[in-house]
Amino acid sequence: MIEIRTATIEPLRNTFDHVARVLGGDKPASRYLEGTLKLQSEANFNYQALWDKEHELYDPSRTAIEMADWYAFIDPRQFHYGSYTNARSRQQEAAESNFDFVEKRDLLRFVDDAARQKMARVLVPLRHYEWGANMNNSFIASFAYGSMLNIPATFHAMDRLGIAQYLTRIGLLLGGVETVDAGKDAWLNDPAWQGLRKVTEDLFVEKDWFEVFVAQNVVGDGLIYPLVYRHFVQDIGVQGSTVAMLTEFMSDWSDESSKWVDSVIRIAAAESEKNRQQLAIWYKKWKALTLAAVRPIATDLAGVSAETLQNIENALDARAKKLGLEIGGL
Amino acid sequence: MTVNALYPDYQGKVRDAESNFHGGRLLYVAWNRHLMFTNPFAYLVQPDMKFGDFVKTVMAPSFETHPDWAKIDWTKVTWHRKGESFAPDCSKTLKENGLAHKAAIQFSTPGLDGIGGLGI
Amino acid sequence: MRLLYIALQENEEALPIIDSIIEDNPSATVRRYPGMVRIEADGRITVKRATVEGRLMRDWDPQELHLHLISIAGNVHETDDEFTLHWGTAEEMEK
Amino acid sequence: MSTTKKLGLREKYRLMTRGLGWETTYQPMDKVFPYQSFEGIKIHDWDKWEDPFRLTMDAYWKYQAEKDRKLYAILDAFNQHNGHLNISDARYVNSIKLFLQGITLSEYNAHRGFVHLGRQFRGVGPRVASQMQALDEIRHAQTQIHALSHYNKYFSGFHGFQGMYDRLWYLSVPKSYFEDALTAGPFEFLTAISFSFEYVLTNLIFMPFMSGAAYNGDMATVTFGFSAQSDEARHMTMGLEVIKFMAEQDPDNIPIIQRWMDKWFWRGYRMLVLVAMMMDYMLPKKVMSWSEAWEMYFEQAGGALFEDLARYGFRMPKYADVSVKEKDRYSHEAWAALYHYGAAAGLHTWIPTSEEMEWMAEKYPNSFEQFYKPRLDYWDEQQKAGKRMYCASLPQLCQVCQIPAWFTEPDDPTQLCHRETEYKGETYHFCSDGCCDIFKGEPEKYIQARLPTHQIYQGNCGGASIEEVLKWSGIEVGHDNLDYLGSDDQKNWERWKHQTAVEKKIA
């Protein structure tokens, strides 16, 4: 290889035209920006879709939210594929060693039957909630306008598949295929789960992808994650430390990915009063529905008190308010 | 055939209808055995232009870089359209010659077979 | 001839895998290109976990093939111990 | 307790994927998956889907991260050491300009198609497989941009790739191809992209071309290329599985799929003419000819594939025989056209050197010296006399593939091939029987084609002059276009090589 002093060979430019326009000048750009900005076609589409009479192939009017610039949605994590898989690969390595640790020492044998059943009843049906979240985020990813939203939504969808698979492994550890099957049966038939399943299925037929984003990623996860991975896992006591190990991925993931979720809402709300109103309407609508659905899971299955659930709701309201949504006024 | 779509009666927008060309229309021309011009050309023409003027003012600037162009004996040139011979009247307009929107015509120059007689 | 092939990147880590494939598929033809090795055979190519582990002197999951794989032709049949390419149906292959 | 250990790969994977899905009851399944049946494909049992590769997400993250760590380590080293100085010749760079302009955003389009299917397919197995491919396609688009970002800093023709994809005339070929697939139904999309493109044709892009990059000293491209190919192996397996699955589900599916195979083979083959040209003309050091690659990857490998598929009642795609007739001319016709439109391209063109022409004469003994060398020689003479051929007349385009009608009659390479048909009183023109048939199959779709020549004449492309249109298309006139001889690229390259030589001497 020829070694040459870099000083002697000057670059002619630092980045691509479309990136320079966003940066406000020709400056070196991050791999996140070069790899994410404006990958989606914006004009000169050829054919009307055989499956959609109303819209162009890529069309901002697939949501009621309006943005002057759909590339304002900078992901605070600045994930491109390489940094995304790297982050997840480190997390999966930790998860793998946690699972290994629990399996090798057979740690679940120290958990009494009642606690074990409780874990199975709460955690195993949730794999279907995660699968629903995967479908909803795949929907967001396929219809969201612009690569700046569509790419992290794809990562988010895949994360939910990964989490559903970790929950499956927990089910297998707790009692094998039978336990996993029982969890599915509960998701399909147990009255305590029917509310959440109905909310999930109703979201499958919603048309506005931004509404699905609010309902699933802000409201649904904003209630389920603290309920399950914070309170339920903690409340299960000493025996919960094993479960905490097995669900570490989920709680870390939630802390990290909610930064992205929040940024999307904050940016859309800051754009206009109209957006802010719309987001608040969706938030209120889905919070009422989801909260009613989550209540029997919290009280009947997880043994989480009404007061705790109220605290979770308050925390979510506070978060939404901080993001610019007017909670009380509507 | 009809297009099989999710909704009834899938209909496309005709992107290149004559009305989209602001009074002009499209005419395609290829010179046989002269592949130095690798493909037929597409021209936007006024329908009331005389065919002779079309050759002189529109085709010539495209084709005159070929050494054969200056040697063409226009009385011997043969024209084709849709695989059949076509006899344009130079004194008549494109429209009068029946050249509707998006007509494609080819011309051959007997005795002139491109560079080195190789069809180039 | 019903051509099947597997193409792998030619690098230090892939070499023991390439050598194992050649060992397990003696009738295969090996073609080398810049940066790439293509192993061709008629009817069937098998990559065996045991052979690769023997060369690597460590546990090896056939899914690690993904790290070096460039291309394949043929139907894929995957088990915990083997990765097989074949033409014809899975039932025919299992015979 | 360790139940996982007892489960085989296949059972475990089933539990980890399709075990997650359920039949909805609060909303009807047909409303949850509305796109499933309009294409006429009948599926009776989604469980019969065989998962192509059984990667759970944790394994996916692990392997893909490892691949990307290696890839970026090489790219970092490449950038730090000015790796672009090690390529064979600066003409080579034009092949990767075309790659970035035409392929990278097509990868993104493929991503959108798969992410759509990843939500909309009724079967969980194909849904998960589509999702993983959707994720992979993001990888391909991004790693290509990242690898070529360094070249952008030192060469023309890369900087405007994003705007060019929607606007530059020859890029309407890949753009319309992907939009055609994206606007089709889910089963057709899979037949188009997973089977016809990934399984039957992508080897033609990646294998010979990436080997070519390696041979021409381009470590950045060869690294992303081979790394991307390792994902393609998964995609190809899915492509074949899709066809087998649909075929086994219902005999009524066979004629529908065969029609798609015919359409998408021809559509893909036409798009690959750009690759043919890259292989034969744009690689200064050549690995194999288009003709050899077509024989190896289509005639032999494709032949074996269709022999295998014959048991379902499938035959070779229609007009495969024409592709074989065209293999000795495909690259030559394309390069000539690009050279001739060299003022309107986002890259440089040139007359091959005499050594390169000798190579072509050897690789194309029945065509090159008879038909193509004399044209290049004539242009070369003209260029040396100061009359470089720059055609300023807009080309007639094919209504389906959108390529200028430069292809010749299958049985006569000296006669341009032209087909036309009428539909609802309008005339439409085609480069081949293959494209004409595609139009006749779905005329309402193809009448919508946004042909760049016509768009320019309608006044939708920034102005009436070529210069205005080029600017609108994202081209820096006088820098990105025109001949390689005299270009900024050539001048810079010679200066850098000279500097390098001087510094070596001093050292």
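Going by the order they are written in, the chains are A, B, C and D; count residues from 1 in each one.
Convention: a residue touches a chain if its C-beta (ideal position, glycine included) is under 8 Å from a C-beta of that chain, and two chains touch if they have at least 3 such contacts.
This one's a predicted model, so the numbers in the text were calculated from it and none came from an experiment.
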Pair with more cross-chain C-beta pairs in contact, given C-D and A-D: A-D
Whole-Å gap between the CA centroids of chain A and chain C: 38
Intercentroid distance (Cα basis), chain D paired with chain C, Å: 27
Chain B and chain C, separation of their C-alpha mean positions in angstrom: 56
Chain centre separation (chain A, chain D; CA means) in Å: 33
Per-residue overlap in chain D, given as positions that touch at least 2 other chains: 34-35, 38, 66, 185, 445-446, 448-450
Residue list for chain B, restricted to those that touch at least two other chains: 3-6, 10, 12-13
Contacting chain pairs - touch in the sense defined above: A-B, A-D, B-D, C-D
Parts of chain D lying in touch with chain B, wherever the complex brings them together: 34-35, 38-40, 185, 333, 336-337, 340, 371, 374-375, 378-379, 387, 389, 391-397, 404-406, 414-416, 418, 420, 424, 426-429, 440-451, 453-454, 457-459
Complex contact set, residues of chain D against chain C: 8-10, 50, 52-55, 59, 63, 66-67, 203, 206-207, 210-212, 214-215, 222, 226, 229-230, 232-234, 236-237, 240, 244, 287, 300-301, 303-305, 307-308, 311
Residue ranges of chain A touching chain D (in the complex, touch as defined): 1-6, 8-9, 11-18, 31, 34-51, 57-58, 80-82, 85-86, 88-89, 91-93, 95-96, 103, 106, 108-109, 127-128, 130-131, 134-135, 138-139, 141-142, 147, 150-151, 154-155, 157-159, 161-162, 164-166, 168-169, 172-173, 175-177, 180, 184, 187-188, 197-198, 201-202, 204-205
Of chain D, residues touching chain A in the complex: 1-4, 7, 15-16, 19-22, 24-27, 31-32, 34-35, 38, 56-58, 60-62, 64-66, 68-69, 71-72, 80-83, 85-86, 105, 108-109, 111-112, 115-116, 118-120, 127-128, 131-132, 134-135, 138-139, 141-143, 145-146, 149, 152-156, 158-163, 165-167, 172, 175-176, 179-180, 182-185, 445-446, 448-450, 455, 474, 488, 492, 496, 499-500, 503-504
Contacting residues of chain B [partner chain A, same complex]: 3-7, 10, 12-13
